[in-house]
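Per-chain numbering from 1; labels A, B, C, D, E and F assigned in written order.
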Amino acid sequence: MKRIILTGAAGILGKAMRKALVGWADELVLSDIVPIEEINDGESFVACDLGDFASVLELVRGCDGIIHLGGQSVECSFDNIMNGNLKGTYHIYEAARQLGVKRIFFASSNHVVGFHSREDRLDANSPMRPDSLYGVSKGFGELMAQYYFDKFGIESALVRIGSCFAKPIDRRMLSTWLSESDLADLIKKVYAVNRLGCTVIYGVSNNPNSWWDNRHANFVGWQPKDSSEQFEEDVFKNDPLLANDNPALLYQGGFFATAGHFEDK
Amino acid sequence: MKRIILTGAAGILGKAMRKALVGWADELVLSDIVPIEEINDGESFVACDLGDFASVLELVRGCDGIIHLGGQSVECSFDNIMNGNLKGTYHIYEAARQLGVKRIFFASSNHVVGFHSREDRLDANSPMRPDSLYGVSKGFGELMAQYYFDKFGIESALVRIGSCFAKPIDRRMLSTWLSESDLADLIKKVYAVNRLGCTVIYGVSNNPNSWWDNRHANFVGWQPKDSSEQFEEDVFKNDPLLANDNPALLYQGGFFATAGHFEDK
Amino acid sequence: MKRIILTGAAGILGKAMRKALVGWADELVLSDIVPIEEINDGESFVACDLGDFASVLELVRGCDGIIHLGGQSVECSFDNIMNGNLKGTYHIYEAARQLGVKRIFFASSNHVVGFHSREDRLDANSPMRPDSLYGVSKGFGELMAQYYFDKFGIESALVRIGSCFAKPIDRRMLSTWLSESDLADLIKKVYAVNRLGCTVIYGVSNNPNSWWDNRHANFVGWQPKDSSEQFEEDVFKNDPLLANDNPALLYQGGFFATAGHFEDK
Amino acid sequence: MKRIILTGAAGILGKAMRKALVGWADELVLSDIVPIEEINDGESFVACDLGDFASVLELVRGCDGIIHLGGQSVECSFDNIMNGNLKGTYHIYEAARQLGVKRIFFASSNHVVGFHSREDRLDANSPMRPDSLYGVSKGFGELMAQYYFDKFGIESALVRIGSCFAKPIDRRMLSTWLSESDLADLIKKVYAVNRLGCTVIYGVSNNPNSWWDNRHANFVGWQPKDSSEQFEEDVFKNDPLLANDNPALLYQGGFFATAGHFEDK
Amino acid sequence: MKRIILTGAAGILGKAMRKALVGWADELVLSDIVPIEEINDGESFVACDLGDFASVLELVRGCDGIIHLGGQSVECSFDNIMNGNLKGTYHIYEAARQLGVKRIFFASSNHVVGFHSREDRLDANSPMRPDSLYGVSKGFGELMAQYYFDKFGIESALVRIGSCFAKPIDRRMLSTWLSESDLADLIKKVYAVNRLGCTVIYGVSNNPNSWWDNRHANFVGWQPKDSSEQFEEDVFKNDPLLANDNPALLYQGGFFATAGHFEDK
Amino acid sequence: MKRIILTGAAGILGKAMRKALVGWADELVLSDIVPIEEINDGESFVACDLGDFASVLELVRGCDGIIHLGGQSVECSFDNIMNGNLKGTYHIYEAARQLGVKRIFFASSNHVVGFHSREDRLDANSPMRPDSLYGVSKGFGELMAQYYFDKFGIESALVRIGSCFAKPIDRRMLSTWLSESDLADLIKKVYAVNRLGCTVIYGVSNNPNSWWDNRHANFVGWQPKDSSEQFEEDVFKNDPLLANDNPALLYQGGFFATAGHFEDK
């Protein structure tokens, strides 16, 4: 791995990956719309508004791969979604095409499928059912990636990240938790496999009660090692059971699915 | 878990679960049509003929959940089937509805799918093909449970129990064995999950040559820990191979499928 | 066709089939729990309570086939369901087995799948989701038929009848209508095919907006000729649109699915 | 039908639908970004840039349904796509939500699935594989519609229009042709059905060599009456065969799939 | 269509196609291992043993397409199968590759799937289950065709012919009958479509009780016009019903499936 | 296990199995077209050209099972393929039928499915897409086995062997490697299970990035214990990455799929 870009490097996920990927690439090019002060050996920083194509083109020039965590990562106004996630994702792929970058790790989200029932087992072929404008924008990103693969041969991992935190903190996360270490392993596998294609991968650790089946991505060789099981007791203590007809229990997206429209608030 | 009813408590399965669930519920209300003499701390006993609605209503009153192992558990005459398994299961669900009980563990049976070939891998979507009047009655119970879920929101685990004994004693059981400990774990999981729905679960331990795939019930988080593998050598010694066209080898239900009609005997 | 039994001959469907099948069988043995006064040439009458095995055995003796329309045909109390549809169907199949009758036309019902969404296209492999105790009992009948086929080789047509009337009278029936003439044709086809197996057939005419796909039963060769289309205008006038979130529009079973429990009423 | 909006009314499709729908609605509110001079009885005109939310809100106020043909209808620059198809579609759905409009006819496109092979038979469950930025934007629109249905109950017909012209003019259109009359019928059916849900419908006439299967939308009751067959001879004369490995023959999207990136040109 | 080869031209099918295709090709090159005496305008004759590669190469030189009906067309000894159907089919494809022929109509057979149950509805994705050495050899031919398509781009129609005769003469043929006229239409369609791929097509007329679904080949545009229905009455008279457990009724291949091994006889 | 034949005993696989199966059978009858000099206790040797039926019949007489590794095991001329793999496999099955042998381990190959994409997850139902004449011949063998099972009840394991060597030596083998020890375990399981049927099994160890799913063969109880993971680092060093559009990366068959026709070379 030579020169790899990490967008959204100032965010929670970005910070965790900086730590977890130390020593992996010759140069990890951090990028964000907000400045990052402390730059370590093997890292560099390029400020970039993903909504501005010239900046993105500048950022992507000379890189060998892109880990695209940037843009909005929760529900917000359509204007913000549009700038960071619609224009932003288009800019990343179009810059890759113009500059010959061949492989992108795209941080999609479980909120692309958030309106599926929790009793449904999903795999890469399950239809998208977004639970938010944010989820719609991630679905858009997946379609854009598929288009750039089918027409221009740019490969992507479409990683529908569950809940990537130090540990699961509520009952839903017992199903959706992705450890930072497992995510870092996945990034490495995505860049180690000789042929990636355009492949949906659910970003989830080896939790006993997961809703997602990664069998179609087995060829990538990723085998998550962590499990939410060890945190079960703690979570059970701190997060009380809901009534079994509470709408927040019906859908995989949890409160994203039961929240109203962002712009009403 | 507060007050949980255990029907069929005097049967083999019921006895095993009494032991395995010690300390789990505040009160385990044992029930059977035959008397149970020795009642332990944390247990109580209510005699009940499942075919009599008034008794069932009395039994269910004030409970928080039902583990329904009662009724006929092998092939028998249609009259017995009707009383214990048709009327009995209806009475349990109707009592639950009238009294507001929200979750039922229903001991269904592999004999609901006993006429499938042993070379077929089944999952929760496989069509029912009962191998006996007993199997038909368990299928009826599953339909009744589905109806009470769709219309009244009563959740059920429809557990198609394989062969629940201390250990597997013939070649077929190497595929179908369910350890008592794994069954007890499953009961606990069924009452621990925040949303259960109406979910088919094959009651089988982690045997290497199982016919059944529980992937659709993965969200429940049950991971059986025992395996028939350790008993393989013993079984091979004691249970000779049959000719490969012996009808008893063709169907998952084994001799249930090849036996004639009960009432002829 | 020599001697064919028609159960439920005094009911609406039974009356219509008596007319439509004139001349088809050497003898059409009418049967019902209520008396039928006018018996035509080529018909005979045997009174029979389906809940009484001795009577059923008497009825079935000497016949070459059974058209089983009898039992309860709408939601009612569990006791009535049990007598007519649980015991009754068992008695029909068990009598057929004892007396060597090889083929049964079983009038099942769309209410076996009434809790499926109207936007779902069903076929013979769709799981049962009954919308009523009546629907549960018809599902039981289908399982019983499957059991007698798998074990004893008795063939059945499991005909999930939609709405069999002279013409469709509400918007739902534009999807579910089965003309009497198409039903009679189906009966003839079921007895003309050389091998029937145990086959689910949706009993619906060639309506433009049907929910059901009979492709798996194509080998029977039934091609319904009538269509609800000609009645569309009349129905639209007489049956006003409901609000699009009205629960009665959600499910295929219509008001069966949204009605409460029978015995509460 | 009372007051229905027709966006994109100045376009080719819009003009055809104005003619075909005469007399269907009390008022057909024509809308486009370019002016329309001749307004007939039963029509009115409201100029509207779909990229401007205030205008869209003004347009939608007081209407009973929306036929959304507006926005870009061929490949063009991302900026144009973004304004007309990303912002535009969001604005239509968000205005509908705020103002209580309950049903939208959304003109999606076959270019949402244009990278599927011509030898593949598609139905409503086939994954999206867009062949252009335009196709990506229509996929975005379908996701947005699904989101507004799942969260807010707004129903949509997602009509993947093939080639809607007076007649097919090349060999590909023998598969994809949609007559104007069949499209108008579809619009009427979409507003006549009591429950629509959020339903994918391939907009194609009854052509003998179509690639698309509308079985999942059968409940809508649309039965296209025209066929490309009568034009076959003419087309064969005027459009020569290509070599069988010509890339334009491989994909359903035809030259959309084999064209390079718009902004290069 | 310029110069097209017809192998097996002296056989029953070959003779029928000579008549039905008059005027279709500039030159129809008849070929068979037995001599054909009467050669019409627009025809020529080349004797050829398909088991001899040099002869096949000579035959194929200069042609624009091949209709391959030759080889064994019923069960026979493995030696005959090997010469005509294993070597023969390899020789046809290898000659086509060496000489640049791009499209082959391969007469496969329903006996490739003859061990499927008559109650199963088959389509192009159904697994092969040959009912005879002959059926195995036709399956081999389909695999060979698939190989030459995947590696060398030679397109094939793999036509699983049912029963191609002037009219159906037994009950099984009511399901499997293919009229000569429909077969000729299919040949024309196979050579008219611009892209064929390697496509399984069941060769069956529009019979009401067919077992086969050609939906995946719909893009070819073939719509058979004849039906066995008009012959039903005659067939019913002349071909008596069998007992419903007669093995010949169980399988689609009919007596091919129930016959023993050829070389025993 | 009494007297078991091992064809192809002089080949690489044959040698490895001789070692791995020491002590398993009463007598392991080694067979090959080339002589084997060193014969150990518990072994015997019979020279046999699989293309000669009389020899095969002699070989098979008196045996209890056949492990059929013989014939061509890589791409070669059609004449060689025909003798060893077409005639040879027919001879093995026909001899088994004549002499009453009931179970055959057939060494099929991953090259039967070599033209599937590496991004596709295959299972026993995936259609065959051979990548070579060799692959076509193994597909022929699978069809022959299926035929002898359906008609004569001879059971087979159709083992699609990946890459069976001491260790994986290139990147592709990290997916396809089968350890010799796992293969020997599989042979034992195939002969230990009471009912085998005719079952496709992918012969692959427990590699993290395998393309193949053996769930449908789970009833056999085989659980491979080795994994390519330990060899990953070595392989990565010695086998450089290819460009991601290199054709050899597209297909599961690797260079078999991208090689031209054997007889051209």
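We adopt the following convention: contacts are C-beta pairs under 8 Å (C-beta built on N, C-alpha and C of every residue); 3 or more make two chains touch, one makes a residue touch a chain.
Predicted model, so just to flag it, every value in this text is computed and none were measured.
K.L.:
If you apply the touch rule, which chains end up adjacent to both subunit A and subunit E?
P.N.:
D, F
K.L.:
Answer with same or different: of all residue numbers used at the interface between subunit C and subunit D, are over half used by both copies?
P.N.:
The interface is built from different residue numbers on each side, given that under half of them are used by both copies.
K.L.:
Just the number, please: Cα centre separation of subunit B and subunit E in whole Å.
P.N.:
Centres of subunit B and subunit E (C-alpha means) sit 52 Å apart.
K.L.:
Distance from the CA centroid of subunit D to that of subunit E, rounded to the nearest Å?
P.N.:
One centre to the other, that is 41 Å.
K.L.:
Please compute the C-alpha centroid of subunit A, do the same for subunit D, then give the distance between them in whole Å.
P.N.:
Here the centre of subunit D sits 32 Å away from the centre of subunit A.
K.L.:
With touch defined as at the top, which chains are paired up in contact here?
P.N.:
By the stated definition, chains touch in these pairs: A-B, A-D, A-F, B-C, B-F, C-D, C-E, D-E, E-F.
K.L.:
What residues of subunit B sit close enough to touch subunit A in their complex?
P.N.:
Listed in rising order, the residues are 102-103, 153, 155, 192-197, 199, 215-216, 218-223.
K.L.:
Within their complex, state which residues of subunit B touch subunit C.
P.N.:
Counting only subunit B, the residues touching subunit C are 78, 82, 86-87, 90, 94, 97, 115, 125, 127-133, 135-136, 139-140, 143-144, 146-147, 150-152, 257, 260-261, 263.
K.L.:
Which bits of subunit F are touching subunit A when the two form their complex?
P.N.:
Per the stated touch rule, the residues are 117-119, 121, 171, 174-175, 208-211, 213, 236, 241-242, 244-245, 249-250.
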